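In what follows, chain A forms one complex with chain B and a second complex with chain C.
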Partner chain A sequence: MSKKLYVARCPRIAARKLGEETLVMAAQGSTLFTLNPTATILWQAADGVTALGDIVERHICSEFEVNLEEAIRDAEAMAQDLARHGILVISEEPIASRNSPAQEQRR
Partner chain B sequence: MPGLAAQIERYSVVIAIGDVAVRLNTIDADFLQLLHKRYAGFVSAEAQAEFDFDVELLPSTFRSPDVDLSVTLRSGRWVLDRGDFFAEWEPVARRGIIRQTANPYSIDAVLRIMHTLVLAKQGGFLLHSASAIRNGKAFLFAGVSGAGKTTISRLAPMDATLLTDEISYVRKRDKDKDYVAFGTPFTGELAKLGENCSAPVAALFLLAQGAENRIEPVAAAEAGRGLLANMLFFAEDQELVHWAFKAACDFVDRVPVYRLTFVPDARVWELIT
Partner chain C sequence: MSLMQEMGERALRLGVPFSVHLDLTYRCNEQCVHCYLDHDDHGEMTTGEIKHLLKEMADAGAFVLTLSGGEIFLRKDFFEILEYARDLTFCIRLKTNAVLIRETQAARLRDLGVESIQVSIYSHRAEVHDAITKVPGSFRRSINAIRFLRSQGLKVVMANVLMTQNMRDYQGTHALADELGAKFTLDPTVTPMMDGDRNILNLNVSEYELHDAFRDETLIEDVPEFCAPPSAPDKDSMDSLPCSAGHTSCYISPYGEFYPCVQFPLSCGNVRERSFIDIWRHSEQLKEVRSIRLRDLSSCSQCAHGGSCSRCPGLAFLEGNMRGPSTQDCEKSFARTGIPSVNLLSKKQKKDQASPPRLVQIQLVPAITGRRLAEMGDAVAAVAS
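Right, the complex of A and B next:
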């Protein structure tokens, strides 16, 4: 990994953590996505100012027994996938806070 | 000058579904009769209504029925447009107009849409599901066409009160945050109007037909997906999408959701008490 990446939740997204998963709905087209437990951790921590590597180290490696570099590679791929669906923003710079906090509630 | 101006008689009927009363005004006595017949059991004797619509009847050559539905918010006014009707509605003024031919299907569609718009911000929704009251509790049976809504309705025992075989009406009760299901006149294959009554929702069943009768709990996210897949939702409005999403998530947080696999015989109702 050469550069730090920052991830932020897209605005205009409705999201709710239900059990270990998160439902995410894009207003445009009312498209519904389900984030698995790992993607949910990434989603919750995607504040735009914490580097993706730091998120993985703090939240994923501490939760699952995984190699850090491998976990970062997987997280980058996951973030790219979420970005393609328009629910996450990726940047090489910290992303200014322009999101309202996602609705989240533990069940 | 008498004789130069003829007074046009105006008829009204108040239709109350889910405790939301809508007055429909028309100058056509035959259409009024049609409305009374179509919504029998849901016609309110109360003169008061939350919403008022003037129905303007147009010739049968109105427009192509194939034009797709669009529901948009323009300058604070909902515009509902489909091949067989055009309606405008001001939520603040609580007034609107409906232009259609003299048929019960168009007005039915307008009422369904209007109710989804009203319910969304209140945390309620219309759902593609049959529903019935048993032992003072309401049960919802959701599924797409062919999933078994009509079958489960047809198999309902004598002690069950059918609320609908097609479109359930769910409202959130602010007082204690629970959910109440109401009867609706929106029918499916059974072509039988639901009873105009209500009860607290005890469970939502996602229907599946199989080789045996079985009830299994459904994980929260799957429950949310199942509910959203069956919710009636028409508008592409961002705020409304968020309200509908929130309504679905709040509901599955509060109400148990199960998968109900059943064979089409009456014993399935032994599981629903």
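Right, the complex of A and C next:
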């Protein structure tokens, strides 16, 4: 991995944890998704300022017996997929204050 | 099964209040002839109380939040409440007459990621709509608002209620919704006032109009299937839940009263006195509602329509017994299939027994009444055989 990536939850989504999974609805088109337990961990930790690699190391490798580099590769692919659906924002720079639609609107 | 239905079933297994309907106010800037609410303010929850409640609801796992009224935009703190709800990542659905929505409000709703906005439109003709809302100019303002909302890419649902005043207009209203890029829904039932007053039920359309509406292919996708005679309820049907009220959904009034549904005014507690989750988990009233299965319903369990009827437990409750039938739904089942329910037959029998002997044996009756009564007789024979 050459560069650090930062991930943040997209502001215009609705989400709720239901059991081990998370239900997410993208505002555009009212498309509904469920995130599995691993994606849920990534989603919950996506604060825009913690690097994706650090999220994987702290929250995923500590929960599951996985190799760090392999887990980061999987997490990047998962993040790209979520970004394509308008659920997550990915950047090479920290992403500040993007988790709240109200905050987003006030900026 | 859609993902939303699948999540609803998961919420049921987990005991989560997946969907909450919160009325922010009963005040309204329209005075619709069919409205079931008392519009006076009897002490609405404050901004702080509503925010506290929203946090409790999010913590309890509520995902879909319907904000309604009264007219929600009459609350000065509406956008503050909405912003807070979106910060809690609720999926927000709004119900409004949209009279107070202009370009600015529509843009804010878009920016806040509101999922959909339901706007009440009762006719494609301004004079009919305005006569129902009793507000001249309300049609023009609501339609303009729908245009503003659509121009922001927002999903709009145009909600119509079928009643005597507009029964000839629903097709034109549907066409107007199509023209504006809005979805269209038609509710064929005017419901009693929340205090139980049933006078507004006089606004319901007759059985004949309902019969015709249920056979309109512009409304009903598969008319033969929709209007097919019901098959007798099987064991699975007997064990089924009447509806989601109190199971995965609930309603909170502007005064904090907790009901299973907006149409089911059985008070289960007040969120000003007890926490939302405490009421959801421990209310004796909710436990009773949750215990009811089709097999427990006095006449519906014996009825051919039992497995397919749209029986509303709230309307049954308003009729006096939450385990009893909802006559309005019986009437809909009859209009749909031509087969009277056990409840309708019982009412007819009681009425016949109560009628005094006629002194005049021959009388003129409208031809259509005779035809419909004959059909009812045939249907009774069909059920009996």
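For this structure, a couple of remarks:
Please note the rule applied: the second predicted complex is superposed on the first by the 100 of 107 C-alpha atoms of A that agree within 3 Å, B and C clash if a C-alpha of one lies under 4 Å from a C-alpha of the other, contacts with A are read in each partner's own complex, and residues count from 1 in each chain.
The rule we apply is simple: a contact is a pair of C-beta atoms (placed from the backbone, for glycine too) under 8 Å apart; a residue touches a chain by one contact, two chains touch by 3 or more.
Please read these numbers as outputs of a predicted model, since none were measured by experiment.
By the document's definition of touching, both partners, chain B and chain C, reach A:23.
The larger set of touched chain A residues comes from C, when the choice is between chain B and chain C.
Of the two partner chains placed by superposition, A:80 touches none, neither chain B nor chain C. In the superposition on chain A, contact is made by A:14 with both chain B and chain C. Of the two partner chains, neither chain B nor chain C is touched by A:62. Residue contacts after overlaying the shared chain place A:34 against chain B and chain C alike. Within chain A, the residues touched by chain B in the first complex and by chain C in the second are 12, 14, 16, 18-19, 23, 25, 27-28, 30, 32, 34, 103, 105.
Those residues of chain B that touch chain A in the shared complex are 219-221, 223-225, 228, 233, 236, 238, 241-242, 245-246, 249, 252-253. The part of chain A that touches chain B in the complex is made up of residues 12, 14, 16, 18-23, 25, 27-28, 30, 32, 34, 103, 105, 107.
Residue ranges on chain A touching chain C, taken from their complex, read 11-19, 23, 25, 27-28, 30, 32-34, 100-105. Residue ranges of chain C in contact with chain A, taken from their complex: 3-4, 7, 10-11, 14, 16, 18, 58, 61-63, 83-84, 86-87, 89-92, 108, 111-116, 153, 155.
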